[in-house]
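First up is the structure itself, then whatever we jot down about it.
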Amino acid sequence: AQDKVRLGALRFTSHSGAFVAFEKGYFEEEGLDVEFHFFQAAAPMAVAIASGDIDYGVTAISGGLINLAGKGAIKVIGGALVEEIGVDGQKILVSNQAWDDGVTTPADLAGRSFGITQTGSSFHYMISQIAAQEGFALSEVSLKPLQKVGVIIGALKSGQIDGWTIVPHIAKALAGGGAVKIIGNVADYIDTYQVTTIFTSSANASDKRDLTERFLRAYSKGIADFNANMVDRTEGEAGLESTTRLIHRYVYTSRPYEKAAPSIRNGSMRLQPGARLNLASVRHQLEWFKSEGLVDEEITIEQLVDTSYVEIDD
Amino acid sequence: MQLRIEGLSHRYGDVAVLDNVCLVVDAGRIACIVGPSGCGKSTLLRLVGGLEEPGSGRILQVGEPPKRSLNPLTYIFQDFALLPWRTVAGNVSLVLEDHGLTRRDREAIIGDVLERTRLAEFRDAFPRQLSGGMKQRVAIARALAVRPAVLLMDEPLSALDSQTRELMMDDLVDLWKRENLTGIYVTHNLHEAVRLGHRIVVMSRRPGRILETVEIDSPVWDRDASDPALETTRRHLWTAMRDEARAVDLELTGD
Amino acid sequence: MTDTREPARPVRFRGGGFAPRPVRLAGPAVFLVLVAAWEAGARTGVISPLVLPAPSEAIGALVELWVSGELWEHLAASLSRLLLGWVSGTVLGGLIGLAIGLFSLVRAGLAPLVAALFPIPKIALLPLFIIWFGIGEESKVALILFGTLFPTVIFTYGGVDNVDRTLIRMGQSFGLGWFSIVRKIILPGALPAILSGMRVSSAIAIILIVAAELIAAERGIGAYIQIAGSLFATDQLIAGVALLSVFGLTVNWLIARAERLLLRWRP
Amino acid sequence: MTDTREPARPVRFRGGGFAPRPVRLAGPAVFLVLVAAWEAGARTGVISPLVLPAPSEAIGALVELWVSGELWEHLAASLSRLLLGWVSGTVLGGLIGLAIGLFSLVRAGLAPLVAALFPIPKIALLPLFIIWFGIGEESKVALILFGTLFPTVIFTYGGVDNVDRTLIRMGQSFGLGWFSIVRKIILPGALPAILSGMRVSSAIAIILIVAAELIAAERGIGAYIQIAGSLFATDQLIAGVALLSVFGLTVNWLIARAERLLLRWRP
Amino acid sequence: MQLRIEGLSHRYGDVAVLDNVCLVVDAGRIACIVGPSGCGKSTLLRLVGGLEEPGSGRILQVGEPPKRSLNPLTYIFQDFALLPWRTVAGNVSLVLEDHGLTRRDREAIIGDVLERTRLAEFRDAFPRQLSGGMKQRVAIARALAVRPAVLLMDEPLSALDSQTRELMMDDLVDLWKRENLTGIYVTHNLHEAVRLGHRIVVMSRRPGRILETVEIDSPVWDRDASDPALETTRRHLWTAMRDEARAVDLELTGD
């Protein structure tokens, strides 16, 4: 019989590894009966793993995630989205008003307002790294927690905040429409950034090794497929088209395919082959959260990450 | 101020309540209205008070009200209509507040009318703390406070004990005499009617029509309860009403 | 008898008023005018698309939703959560409110508790709700239930407090049983307040559907709005919000009907 | 005169009741018992820390907040937003509700609009609120204002509808001006409903402080709760929620005082 | 069923309302209570009806009520206390619903009492559609419906026109005769008192004490309004009450 696995996901292109693995039957091949649970935000997903309502999930490293790990509820077991120098990654944006006001390089962000979703989110981490590299204090930037990407876009377009960082396809779409200006790349400030990770409950990680390994194997196949078709495009237009259609079953579903396809394509970024995990980046993030006082001082990298499942870059 | 009611008819939905009522009440005179329960007396009074619009016919006021009258046409409600959130004094004050009186004038009027209705002791009580008769006296005090030119009274004394009623009647008679008041007085008490009215109107059962009108010409302040002429009138009215009530009775038990 | 030299004028009508009568079509007219002005504003550029998309665009999004067939799924999912949560919140809240209205001890013990728990923002407790009730339908329904429970408690005991005490004494004087008094005197007497409160609690329930569907919901108007909001797809956002408005109008209409039927004894 | 052979028994008292009296200390007692049970549960492990932190931990978080001096900043920020939003929402809502209660045309035009706008979830409109009102205090106050406006409208016109019409006719018969009738008869008559409604709208205002402080707020209980929630710092979460409860209890106590003072005419 | 009131005193807050009232009402006899407005008559009745708890003293019922009586001690409220959300028939039905009667029995009783109070035509009207007198008749009909053994009446006829009142009085007399009813009857109308009462109790002004008790032994159904003995009693009561009211009056104007 198949083992039932409940997988938490967001309807984002960056979660496509799972969608591809499911649609192409890779989970089934591993004897897994995967059931998707979709969330509107990453935070509830982490909580749902802690409460045992779902088994696996993929999301950015956040304060909430680390704190739950500190309570012994969840563990990071692999990596997904990563950013490296040379790969088209997240962009630094400024509003037109700020641009006109002379904010044309990331260094000019000192003394400016900057949009983040929440305190302790990846956006918060990114601006802190930019500040560190450019040599100004994070306190010189006025952080505006605005909860949702959509809200930040609105605030940026209407010039109520000066700067933001965001994935390239959204950044380019906004800049292309003349609503904002791109002034830099996040990758230039963070040397290999492990953006999202695969995680599960501590119980699964320690007691269901076989199941978890099978899950990661199938997921890795999905990632490989996705990278080949959507990023490297080794299968040409046909592979791109069929994979886009496949992803469209999960992402931008309320839009017709014609409208959704460009967004899906532009939003496709490389996922870590074999679900490799960049432990150095994770450790760096953990230290940053501690230094900001957002997570408990006592939490160790061992509590957060189970390194026994995937290849580790350190 | 004279009141003239001409061809007044009124209905509530399907129910015809008043049917072609014509009545003239001369200045300084009191018309008493008697008639079976539910015949439309309160409705007639509401129409005269301008609180409802007549279905047909019209109500005219002839002549100017005296200058010092604050509310020429004043109504005493059958169910008192006191504001539960105001004290006795507050309920009287209510009707004085819109007339630009000074606080002292108002206080003086309130003190005076509460004294006359023997409520001075209760000026700070809320309606829920009053007995039925006391509530009625508050309603009367409130009406007296505005120095009406025409007083429309819907069974104003029904909840009072006979002695208080006697005193209040003396008070009303006094008022007629002093202020040359015009009035319409609805009552069930024929003793009251012959005591207070210059013209007594007997109404038929619903739809209310005027069955009979009796004039008593002697000034009210000269009347004596034991006057045999008054007693004769009372008996006459009594017969008229009994016949009407019997008719109602037969009608109801007949089908 | 009549002195014709004196001026005669009809008694001035001073009653009436203070009794609103239905004015047909005024409601739809106001809607139409507002939507037309909005559309015109959007077309002429007075209202920038950033500020508010044109109603026609929102209608476009609705049509898209309808054509894709998702509309019914969304509606069905939200409606079932709404009904379950609201009905159970109303029933439970009504019972607690009644108990607070009737029993001194319950009032003293529970009224402050209600006052303390009511202002707790359910959204803030979302993480705990997931731990307590899981990510299935339970947590969504529970959220709506708790959101409507407290206001209902407060209306109900407010209404019970306002019932005329003489009527209760009358019932007692005729030896009516305690349950009869509650059912035949107190409940009908509190009904105007309860119905007025149900307008509010139903609106709160509809508002909470968005928060409820933050939790692992694939279907539902709330989830749809949520996704639209996070993508800044304002046309879909407005379309979703309009659907909730229609929910609200429907419930309001139902309550107005109920009022006309149940409160026809009012003067 | 008295037949002593027949049984004599006192007339049974069947009045009374249905008039809750204050029971001192019952409220605090219920609180204490609940908190003690919760603490005991947490200490013995019956309640896992994941499910709910012990109250002592929440108190620890509160003390930390107090020692750091941030408590007052948070409180001051939230209180000023609350007061501004709630007071303006209540005043505006009261006026609109009164107009709907008094004028047929306003009722026909606005009542459906209120029913349509009330159920729109303000949180869903956050993206648009920011465009409309910016990310400063305006949007936060506006959110609370709109959140409390609609329920207040509904309570107010519900209360106005319920005012005894004979009293209004009485006022008219004494030639009271329109404003006098509204001020001296209709408003006091609607007051019980309005006060009962204010309990609800104040709770809604407090609930909305969290949503309001989702928007670019650095200070405020809502922001504090929000951060605690996203970090899953449940002790801080509960501490923040407890502060909101205290807000709610305070407002409730004030309204109860006002009721005792303003409605002392009630039997 | 005999009623015995022993040393009854009562106060509302600071206000002493009743002071050591002792009264025995034998089975099948009617006590009429008269006294100035606000002297505590309604309070006394509420206490007897078990609607308030006496401050001191006690009220005893001696003997068993007849089996067929649905509500032995029945009260007719001074302010009617009709449920505004029930029709006339519904208001009567209310008091029958808790007694396990069949629907047909209930309907029969309702039809009967509405007929007797001449309200059959209005069975489906809501209280707001009724005149004052009609409301009072509904309250009477409701009280008759439960076949009381003791009837406590607080000015039950005050809002009725004299003819209806006469008919209702005949009805009550009939009731006494048929059902061997015991009653306490508060009224302001001394004619009514001497017509209906076996014992007439005059109360003093507040705090209400019993000033005087007058016995009339002739059976009520044999009484004639023109009987000179009754007239003498009435005059006697009148004097007693007037003296009391004068005292109130002097007291008030004296300070």
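Should a chain be cited, it is by its letter among A, B, C, D and E, assigned in written order, with residues numbered from 1 in that chain.
Operating definition for what follows: contacts are C-beta pairs under 8 Å (C-beta built on N, C-alpha and C of every residue); 3 or more make two chains touch, one makes a residue touch a chain.
Every value quoted in this text rests on a predicted model; they were computed, and no experiment measured them.
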| item | value |
| --- | --- |
| Other chains in touch with both subunit B and subunit D | C, E |
| Rotation angle (°) superposing Cα atoms of subunit C on subunit D, nearest 5 | 180 |
| Taking each chain's C-alpha mean as its centre, the one farthest from subunit B | A |
| Subunit B and subunit C: spacing of chain centres that average the CA atoms, whole Å | 47 |
| Centre-to-centre distance between subunit D and subunit C (centres being mean Cα positions), rounded to whole Å | 16 |
| Cα-centroid distance, subunit A relative to subunit D, in whole angstrom | 40 |
| Multi-chain contact sites of subunit D, meaning residues that touch two or more partners | 14-15, 50, 126-128, 131, 166, 169, 172-173, 175, 226, 229, 232, 266-267 |
| Subunit B, residues touching no fewer than two other chains | 46, 49-51, 73, 79 |
| Junction residues of subunit A - those touching two or more other chains | 43, 47, 50-51, 64, 148, 150-151, 153-154, 158 |
| Full enumeration of touching chain pairs | A-C, A-D, B-C, B-D, B-E, C-D, C-E, D-E |
| Subunit C residues touching subunit D - in the complex, by the definition given at the top | 14-15, 18-24, 26-31, 34, 50-52, 100-105, 107-113, 115-128, 131-132, 150-151, 154-155, 158-159, 161-162, 165-166, 168-169, 172-173, 175, 181, 186, 192-193, 196-197, 199-200, 202-204, 206-211, 222, 225-226, 229, 232, 234, 237, 240-241, 244-249, 251-253, 266-267 |
| Residues of subunit A defined as touching subunit D within the complex | 43, 46-47, 50-51, 62-64, 67-68, 71, 73, 118-121, 143-148, 150-151, 153-155, 158, 160-161, 294-295 |
| For the subunit C and subunit A complex, residues of the former touching the latter | 50, 64-65, 68, 70, 126-127, 130-131, 134-136, 213-218, 223-224, 226-233, 236 |
| Footprint of subunit E on subunit B - complex, ascending | 12, 34-38, 41-42, 78-79, 115, 118, 120-121, 129-134, 137, 154-155, 158-167, 188-190, 238, 241-242, 244-245, 248-249, 252-253 |
| In the complex, subunit C residues that touch subunit B | 1-3, 6-16 |
